[in-house]
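Listed after this line are the structures, all set down as structure tokens.
Here chain A shows up in two complexes: once beside chain B, once beside chain C.
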Partner chain A sequence: MKKVLLAMFIIVATTLVACSSSSSNQTEEFPTTDIEIVAPASPGGGWDGTARAMQKLFSDENIIEENMNVVNKPGGGGEVGWQYLMDQDAHHFSINSSLLITNNLLGQSDLTYEDFTPLGILTTEWISVAVAPDSEFDSGIDIMDKLKEDPTSLKIAVAPSLGNNDHLAFVQAAKEHGVDVTQLEFMIYDSGGDVVTALLGDHVDVATMSVSEAKEQHEADKLKIVATGSEEPIEGLEEVETWKEQGIDMVFPHWRGVMGPPDMTEEEIAYWDDRISELVETEAWQDILENNEWQAFYKDSEEAEAFLEEQTANYEELLRDAGLTD
Partner chain B sequence: MLRKLLYVSLQTKITGLVTGIMLSLIILLLGVFAYFDIQQVYTSRENLSLQTSKTLAFNPEVEEAIFQIDSKRLQLLVNQYSSKKNGMFAVIQNKEGRVVYHPNNEVIGKKFPFDDGYMAVVFGGYYTVESDEFIGPAMVGKSPVYSNEEQIIGVVSVGYLKEEINKEIVERLKSIFYFALFIFILGILLSFLLARHIRKETMGLEPREIATLYRSRSSILASISEGVIATDEKGRITLMNNSAKKLLDLSGEYKSQRIESILPQFDVEKIKKGRKTIINKEMNLNHRDIIMNLVPIIKEDTFVGIVATLRDKTQITEMLSTLSEVKEYSDNLRAQTHEFSNKMHVISGLIQLGRYDEVHELVKEELNTIERKNRLIFEQIQDPKVQAVLLGKISKASEKKVHFLVDSNSSLEELPQHIEVTHIITIIGNLIDNAFDAVMCRENRNVTFFALDYGNDIIFEITDNGKGLKGDIERLFERGFSTKGNVGEKRGFGLFNVKESINSLNGSIEIDTSEYGTTFSVIIPKTQGGMSND
Partner chain C sequence: MGVDLQYFIEGLTTAFHPMNILWVLIGGFLGTVVGMLPGLGPATAVAVLIPITFGMDPTSALILMAAIYYGAMYGGSRSSILLNTPGDGSAIAATFDGYPMTRNGQAGQALTISAIASLIGGIFAIIGFILLAKPLASFALRFGPAEYFMLFLFTLSAIVSLSKGNMVKGFIAMSIGLMLSTVGIDLQTGVHRFTFGIPQLSEGIDFLVVIIGVYAVGEVLYNYLNLDRLQNKNKLGKIGITREQWKRSKWPIIRNGPIGFLIGVLPGAGGSIASMLSYTTERQLSKHPEEFGKGAVEGVAAPESSNNAASVGSFIPLLTMGIPGSGTTAVILGAVIMLGMRPGPLLFEESPEMVWTLVNSMFLGNILLVAINVLLIGLLVKILSTPPRILYPLILVLAFIGTYTLSYSIIDFYVLVIFGIFGLFMKLLKFPIAPLILAVIVGSDMEQNFRKSLVAHDNLSSILFASPVTIVLLILTVLSVSYPFILSAIQKKRANKSA
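Right, the complex of A and B next:
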């Protein structure tokens, strides 16, 4: 009896080994076709920029030999692109950000990070608050003081929708300062460019946007950055105080990552871990980070999954907590 | 404690067990069902409340009415898209938190801080939340209302009162609960019927009582000397005790063998059809005489089996002959007394007549006779058992006026151990008695006894001068055969018993008969199991 069991065990074990080796043989050939990077936004934004930077460097640095294409699937705060990714195979991946989490929490999407295969987190950038060059405000804390007095006194521009990191960072800072954030008047614009235009045209008093979007305008004196949500003062913007320096204890990173469609095999995940970790080590990638005011924030697939889980809990608290109990 | 709990009647046990199982099953299923039902109802209410709040929030008329703080118009719109059924309610606040529509008019105009509505008013979220802000604990769907300029100008809250949701769930569960109750009662009823059926099958006995009965039956069957065999309705043996095995010379497994295979004389079908009872049937099985009783077991007019009891015949025979010998002894004693008193009467008469010489003569003659007879017996017959039998027969002979002679050529040492007194009594006693009976028809009645033990065998010869034996001599030794015609007396066992005893001693018997008399010669080997002179 025992011998029979042993024999059966050996047969099953051999079959399993054979199966797994044959499947690993298959993945050694991965990728088998062209690779497609999904940028869930129109050309020109942070997602599109990240996607194109990856496309360029993967081939320039000879990390990946296969052809790579970037497709733009704008709409719904990433929703359109991510829905598209859901139905693709492992030769597709997409850029993501905190919108993946907040869209679901705000009832604008059914998708969560658990529906996809996290492949890594690449960068963060910082959020800034800007005003028109001729504005009465010279610092972020002045704005907050004014809003604390009367939350409806200023119009605040945000793009492309409520609930994104730009919006959240400002609300968070205001809440820390004791502003009744429910009364704040946000004006919603389609893109960062529209926000700058609105600011210059005096349609709004304040704008919240990423440093990468504001820095060039700031240097050209088209607008004035009065606060950043970073840990330390930003290189090249040393004259701008962080929220921390202005007395509001808040740091707000805006991260971007990549994820694949659901049900990727371990071999496929390992492939991307290999290639992406190689990518972020290159000189060219460092240059791109610098040019875009992005910070290196690499996490591999496993770390990314844990990070997304942690972020989901954080955002849920951030979004739901009205702070009325304080 | 558990023991005590288990020590209850079968009825209680079965009913209790079934009730327990059913109760736990029903509770489990009901629980699972209720859980999923509650989940489902809550989910559908959540979806409905969120959907309705969205519908209202996206309606441009609602946006307009919020701007104008037109509660009447809002009421119309709310009524259009929602119903008051199932505890549904809608509350609309503007950006300031002021209530612009509420089912209760008194609340309209009051300010509520955005707590549960925070995510809607600040971040433009669409979501459901458990909230008791407005009317009571409720599942509330929240949706922000945007202006044309993409600014949030208010929040629509549509909710279902939990109280009402729970009421609805209770209603839904009630019917299922009644059904479960029905099943439960049905189950108890069925288990009760089952228990009653089992009780009927076991004739009202509890299992432990049955066990006790079974144990005592086994020991009873083992302890009795009668053989007992029981079968089922097809004649397959279900039970056989050790005595039966011994009587039938069986060993090993007997169960589910057919009774015909061990008792071939026995036709189950016949007994089944005839339902007759066989009582005290004698039969010879494996060289044993066995008395058998056969009783069919009938239950409610159906044949369900047979019980057979077997008794060893030889035991009974032995008992019977011992009894008859005891009777004979008392007869012999009586005969002796009778003869003795006769002689005393003669002596007394002679003395009265004064004929003393004749008295003297008589006494002398009598003494001589006794002495001669006794001497013959005691000198030539050394065995005390045979002596005793002969002495008794001499008295009987003198009473019956039979001239009983022990042949003067007789010679007999003490008999070997294995020849028991019962054998002697049976063999010699019966043959001498038969001889006495045979000579009763003669004037001159002579019976002679001769014994010799030279060589390996012991020989007894009893000779009478009767008229000889008529008919089939072979049948003489059959049971119940008798040449004596006295009806009503238990006759016919004498020679049968003689033959049995001789057989048991490996001896033989020969008969020589003519119209002038008969001689029975018995030859018994001296050694047990030794050779016979056949």
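Right, the complex of A and C next:
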């Protein structure tokens, strides 16, 4: 009972302090209303998962007092959700990924990262190349050698669309090795699960997909991961060499970040830098990363902006090389 | 995989833990209610409940979500039978004979037989799961692009052949459906097709919006035209089924449990295809096919047994390979990953007690659901005595809510209304609706698989003869289209002879 009283006292006291400080500043301190997280996808995927994890941890860990809601705005590879964010105020933010960049480069969207306020980059997944367990290939470089000889000799599975990270990571590795990447034969599946099925059933020769989708199958000897696009060998997959170790100089993060609507004030940006950097330090966040096979990849608002600029240049080049843009 | 008795019993005791029984009950009841509402299918129900499962033990969360799933299979057919407005793709087949039974004053019996059929289909599938999970999973892997293409082709041809005597109209409806399914980004090339610059259309037209539009909105409009002539002649009738009805449904139920189960195991097929194929199979096997579509009890029993079995079957690829076999299991997969569990090839080895708990809870859940559903019949049929002037606006409201929950987009409202009007004209001009809907459901997958198999096989004939599976499906396809003609030719000959 005493504890409850104490807690109530603290709440009342802090509210009073908060009120008085805001009145002294003449302006109310951000945030003033409930906060909305826009997941530009349907429930169940990585964007939605990131949004819901943030919603839960911000309140569980008492980082943010205000109510937070997740709204799903699926469609157009993020386009619908981001268009929606354009017209909102600073109490809204959305999850993003490289699709924000590639949609625009591929001519499927007018939006670029410059239309929004980058608030940070949160996580990355690494992308792997896998083959069937009885495949003739034991390493990624063998595959690339074969493709260098004849780029149409292998059928490569990817999901869910051309121009996405899984696709481009493979293209970049191939390009670095001197493969004629415009000739590569990709088969496009609906989801990562379908790609695994296609590989397990021997319907394709090679698959490019995120490590999280392939790792467990690899451990069960249902398929064989032969290369990863990460900086360092991946925990639990130490026996698999990265592209770098195999002599192809490339690292390819599949990142997810957050951004707010256009024209946020410096205070608002600082508020989110504060809160998000606190969030990524919590143990609960580490658990979520581990459960989803995501890697920590935190960049604050300033670093995120520079990162997005660099990524845009990189994607522009890749898409051109892959023959998807002129 | 053999049945490990120790884990089986362990799972049984966990499943009968009072808390878990409660989750089964809650999930089953929620699923039933949600399944009844047009557009609110099991995938939406599970997705909405994801935050609730965050604090739960993964096993209980899985039990809850599975119960919602098969609960929705029970519930989905309620509105099909009573109002001719299916809540989900897998409930469409229940309208074919379920709604005519209601018109004939046998609503109560139709609901009872559908609950019983669901139970038996479900139990069959659970036994199949226990005995065959692993071998079936590896069989399902053999289904490549060519096999899926032929399976979808066969399903479409079977459904068109249903519109006997009016196959041309059936083909027209199917073609329109196939055209609609091309809207959106083409996966193989990334080209936008018929999206008119509207980003919401880039993912295609959701088949659920088409279902709700053509069935629910179309039905309301149709009844609105006939409002003055409409009377409440729909009576509940008896709840108990007659011995004759049981005799006629017994074999269809038993036959179609396994069919539904096998189709459910294939990732990428699912309840809609299972129930449609079961319906057409039964009609072709029946001694009195002329009664189908006019309230034949086996026309309700067969698809109901099948779609519930399919929902159990779709857990096999999820639990043995970590691959979701349906939209709902995909959402479930996402949710259990958040809880720190990774259903995959190692799940059976690493946490067998969890798998067996789930299986046993499905057993229990199916039995509880029949009780729930039979008890609800008395309440549900009150819908039929609701005056149309109150009932139909309510259905419209539900249709709009259901549509909104699909992708939270206003654009879908326009699509819904357009398809409502379209559905009205189809009814007025007596076009069969099922070929249209099925074509919208499978059209995009069928096309993508065809294109992928062209990459793999170079030309059409090598797709058709790619494997024993495709050859069998090819023969079935040819038969299903030509069967009505052969039959009538034989009858003519006989008639000529006797004359």
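One rule holds for everything that comes next: the second predicted complex is superposed on the first by the 287 of 326 C-alpha atoms of A that agree within 3 Å, B and C clash if a C-alpha of one lies under 4 Å from a C-alpha of the other, contacts with A are read in each partner's own complex, and residues count from 1 in each chain.
Methods note: a residue touches a chain if its C-beta (ideal position, glycine included) is under 8 Å from a C-beta of that chain, and two chains touch if they have at least 3 such contacts.
On a predicted model such as this, the values are computed, not experimentally measured, just so you know.
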| item | value |
| --- | --- |
| Partner chain(s) touched by A:R275 [first = chain B, second = chain C, both, neither] | neither |
| First, second, both or neither for A:E185, with chain B first and chain C second | both |
| Chain B versus chain C as contact partner of A:A322, first or second or both or neither | first |
| Touching partner for A:R52 - first (chain B), second (chain C), both, neither | second |
| Partner chain(s) touched by A:E216 [first = chain B, second = chain C, both, neither] | second |
| Touched partner set for A:G201, first chain B, second chain C, both or neither | second |
| Chain B versus chain C as contact partner of A:H91, first or second or both or neither | neither |
| Partner chain(s) touched by A:P160 [first = chain B, second = chain C, both, neither] | second |
| Most chain A residues touched (candidates chain B, chain C) | C |
| Partner chain(s) touched by A:L106 [first = chain B, second = chain C, both, neither] | both |
| Contacts on chain A seen with chain B and repeated with chain C across the two complexes | 106, 108, 161-163, 185, 187-188, 324 |
| Chain C residues touching chain A - in the complex, by the definition given at the top | 47-48, 50-51, 54, 140-145, 185, 187-190, 192, 199-200, 202-203, 267-268, 317, 321-324, 330-331, 333-335, 337-340, 342, 344-346, 407-409, 445, 448, 452, 455-456 |
| Chain A-facing residues of chain B, complex | 50, 95-97, 113-115, 118-119, 121-127, 149-152 |
| Residues of chain A that touch chain C when the two form their complex | 42-45, 48-49, 52-53, 56, 71-77, 79-80, 83, 106, 108-109, 155, 160-163, 185, 187-191, 193-194, 196-198, 200-203, 216-217, 219-220, 222, 287-288, 290-292, 324 |
| Residue ranges of chain A touching chain B (in the complex, touch as defined) | 102, 105-108, 161-163, 167-168, 171, 181-188, 319-322, 324 |
